[in-house]
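Some structures are shown below for you to check.
In what comes next, chain A is part of two complexes: it sits with chain B in the first one and with chain C in the second one.
So, the complex of A and B:
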């Protein structure tokens, strides 16, 4: 029988580590909050986690392609402010859906702008998307200088309390994303994506359209950020230009916890989505564990660092023994 | 015909000078009064010192390559500012020890970043991001709502006030010039600097040429932490008060200053002069936009667009086809 190899396993199933963490987090959370798996608790948790889960999926695609997108939070904010100002609390459902469509277009456009600078002008992804994040966050603040506005309650209720067939809406959204990703992974585009992220030069020499692939990852990330913005707007029911700013770094953390390497070409999208859910449950655990408020930030950050360090530690110990 | 080229640090500096001269045309600016113009220029330079010093560590880490970046710089600045503030407590004789303490605290945090990055193989972006969370957590606990302390009079006199009644140059600028020369010596005239560029260009060849890459990496992150610590020490000497969010606003500008100064974010190429010029340009732009009474939204958009423009001019990476 082949010897158990942690490296081999995680290479084949990049989401494995994320899954382990998630089960661990779920277990601890269940001990602290026994009704965790009741339908309403599950729904109220998942609907809060969903925006970050969607965002992490988009971020994962960019990172797989060898880039990074710091502007996603800005796009989330733009979408949120557009919906909150243009639809309004008294808006009709028709207007709501119209602006949902426009939001998606805005997301694609913002992503295309990132992609243009990174892929066609060959600028460094971190600094480019950092610069555009200022553009987008500024635009969001321009649209809605002070928190306010809103969307019709029917729309937010649809998001908050639909439980088709007894399962929270978030599960269906996650299932759809996973299904689409599974399909993309099996296409030629999927192979191209991994090869560009792995080594762009080698991919170019084997006739992979590197520039187009890189461009497309930013468009996908922009689109997912728009979906995430729509979700968070339906969750909160109101507008705030700063709503997305904290989400950018969380989405990157989720990707890394999810076993997708920041160097590109290694990992997948399922892991980062699990990573985002894990981060959500972690927040839950900390709020339920009766930790002194002053200690919350330190506790959360230490757990994240420990989670990030674990795979490295395992490898280090194994190498010492070998 | 020789193609006209201009080095990024010169370009950033020239742009800063042109912008400053143009700003004289603004209705509420210095107009034709040379004395006020000089006073304003001095003031902007003084403000740029803090960003410049914090960007020094960032420059080292970025030059070291391997996606090197230090996202913990902002929170380290806050931590050492608070440590200095509390420890000194108004006593002049404790200032020197406080300076050493700031450097040591910063170096320790940077060293831990280095350990995570070199031994546990966590990517610098995520490791320093996680560390930033941990340090912020420590700051929150230390701060506990309020800290009691006081800046020593000698710090204010040396850092914030002019060096003498006849020479209206604030001490901070003198400190910065000496600091800049030391940084230049470190990068260009020591074996540390030579090895730093070597590992930034190519880790494998550096290792094969006998450079201790692991040691260099640890040293660089520790040094970057110490320099951020020094930034915190200077900053609190200037502001005289501590806030929980004192350092964070300097984090991304410090990366932007490095990029604007022509240091490649992929490593191996750059200078501290560039970061100094970048810090001056960014500080000038922020203060100009404030003078023009632009709303926060416009300020952010202009900063983002300028950053994008500057990196589009000289931040482009090598084409795949060569």
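So, the complex of A and C:
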């Protein structure tokens, strides 16, 4: 009989840790908020979490491919300010659709710029996307210097309260992302992605188009950031150039909690999405636990650090015992 | 299917350093050509030009008498040229099957990889090495979980899975044991008969004579000789490689050993793969550890260095010791030259100076006396005949033999009493090997004790006073004096009992 091994299990199911953490967070959340599983509560929670879930999925693809994208928050902000200023509170559905399309294009372009720098000019991903993050955040401020603007209430209503077949909209979005990822993972592109993130030189020698793959991960991340920006705009109904800035680090945290290694080539996308949901519930717990707002950041950070350290601590204890 | 490839007057420079100044090579279908040369002579560069990993700066590459210009590995692959890379081209985080079929996955009509087919095809390939690999090497196993020899086999299978017209084997036997090499050679002969052209890059003379039809020798980036292998002897080739005679005839100092005190006494040592090992070594002795790969040799050295936990008693220099951490071993004058030079032995991208001084910085005070550190490193470099442009040069720019000198040098700077060597001449050219042998002999004369594992039987027989042969975690035989012959060593490695070997 093989002995139970946490390492072995997490290697096989990278999302396991995120799942464990999610169950824990849900449990505590449930104690604090007994109506947690009521449909309306679930719906309101999921629609708040969804922007980060989408963002984490994109971030996970870049990280799997051996890179990192610090600029996603900036892209979210640009998309938010474009929608809030161009569509406006009185905008027509047609205008909304038109600018949703433009937003996606902007996301792809922003991602392509990152990808060009990193893949073709061989610049350091962390520095490059850190620099472009200011570029994008600056653009967002240029478009909308002060919070304001908005989108038609019909659009935000659609996002906030449509429950097709009794399930919140967010579930469908998550299901679609998971389905698309499952497909991508099973194609040759999926193998290429993991090989480039695992060991780029070896992938190159095996005739994998390394540069193209790296480039594509940033485009995917940019596109997902645009989707995330659209979601958060529909959620808030208004514009704010600062809206995305806090989301970058959260997206990376979600990826790490989700069992996807920052070194690349290990993990998946489902784990990071679970990680993003977990982060959302942590936020919930903190708001329900009546913690003073100035303690909030500290409390949240402590929980995240503890959560991240747990697998390592478990291993350390096991080693000591052996 | 037939192919003829010819490289003419090939030139390749890396940032001003000439790696290849006049490389020539002719290979045709149905023959094995050995590409021979000392480390740094341009063998690897030559094979990388043929397979498109690097682009040549001058000269011509003719494929079937047509001028070709490979700008990427894809281009060469399209022409049916496949390579077993010395540094391996495997992705550690991916499975054996995914690695082998990467870029050539069978797809269904939705563009999805047919996993089942990938697995079954991989099983077919693994069957080629059946009997020489452990049964838990499955298509689904992650490459990172494999020992070096099995990684090498996966790399070979990956190269052959494209059914290439030409196969380049770059040091493909360096980490294989003798049974695996035997199987590989059977396969190479089969591939040759099927009409594949094979380039065999190796340091091992014996293997070259076993498998090659023709040879081509590189020296300092120039092709200095080529011809039919049947018309030359080992000595001829060595002469071509180093332009200096009889490098192999290192002399063993058979000085009358006076009774020296025991340096190391090991009793009933148990560790991961070790099942009770006992022996003793006297001061100034050079004791070899032999046997097939993976019989516990590595663990024995690691245990003595405090790198892995073990049970049993060890007496060193008259004291009972039990190291729990390499730093304790270092403090007591023990040094380990590990088996995986680039990963364990060196800070690969850092400078020669840093690598030399890494275990010794504590001696240079605070702030560090850099002048003295540099002078000491300089001296060590000269003593070891290290070929370098400057101490600031990264170790990654050195050839295998020179890099290994840095690994040994960093320990010698600490004046160790006991040196543990884990296959130190693996992937090292003959010239440097001879220097190593002389160095080890000199160290023993100075009173240092050496425990020396080698996968090269000839080396053990030629160099050591005594060889302990490990088999399945135990000392199966101890050979010395008249009983230390290559035949007996091989017999003992295979687990044959003393009587059976006679």
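FYI, the second predicted complex is superposed on the first by the 320 of 322 C-alpha atoms of A that agree within 3 Å, B and C clash if a C-alpha of one lies under 4 Å from a C-alpha of the other, contacts with A are read in each partner's own complex, and residues count from 1 in each chain.
As a working rule, contacts are C-beta pairs under 8 Å (C-beta built on N, C-alpha and C of every residue); 3 or more make two chains touch, one makes a residue touch a chain.
Keep in mind it's a predicted model, so treat the numbers as computed, not measured.
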Q) Of the two partner chains, chain B (first) and chain C (second), which one does A:131 touch, if any: first, second, both, or neither? A) first
Q. Looking at the overlay, does A:266 come into contact with chain B only (first), chain C only (second), both, or neither?
A. second
Q.
By the touch definition at the top of the document, which applies to A:28: first (chain B), second (chain C), both, or neither?
A. neither
Q: With the two complexes superposed on chain A, say which partner A:167 touches: chain B (first), chain C (second), both, or neither.
A: neither
Q: Please work out whether A:195 is in contact with chain B alone, chain C alone, both, or neither, and reply first, second, both or neither.
A: second
Q.
Counting residues of chain A touched by each partner, does chain B or chain C come out ahead?
A. B
Q: Check the residue A:291 against both partner chains and state whether it touches chain B (first), chain C (second), both, or neither.
A: neither
Q. Which partner does A:204 contact after superposing on A: first (chain B), second (chain C), both, neither?
A. both
Q.
Let me test your reading of the model: by the given contact rule, A:109 touches which partner, first (chain B), second (chain C), both or neither?
A. neither
Q.
Taking the stated contact definition, name every residue in chain A that is touched by chain B in one complex and by chain C in the other, in rising order.
A. 201, 204
Q: Provide the residue numbers of chain A that touch chain C in the complex, in ascending order.
A: 11, 183, 186-188, 190-192, 194-195, 197-199, 201-209, 265-266
**Q.** chain A residues touching chain B - in the complex, by the definition given at the top
**A.** 68, 117, 121-124, 126-128, 130-142, 145, 200-201, 204, 210-211, 241, 249, 252-253, 256, 261-263, 294-302, 304-305, 308-309, 312-313, 315-316
(Q) Looking at the complex, which residues from chain B come into contact with chain A? (A) 67, 69, 116, 119-123, 125-127, 129-134, 136-138, 140-141, 144, 252, 255-256, 259, 264-266, 295-305, 307-308, 311-312, 315-321
Q) Where on chain C is chain A touching in the complex? A) 53, 72-74, 77, 83, 85, 88-94, 98, 102-103, 105, 107, 110-113, 115, 142, 158
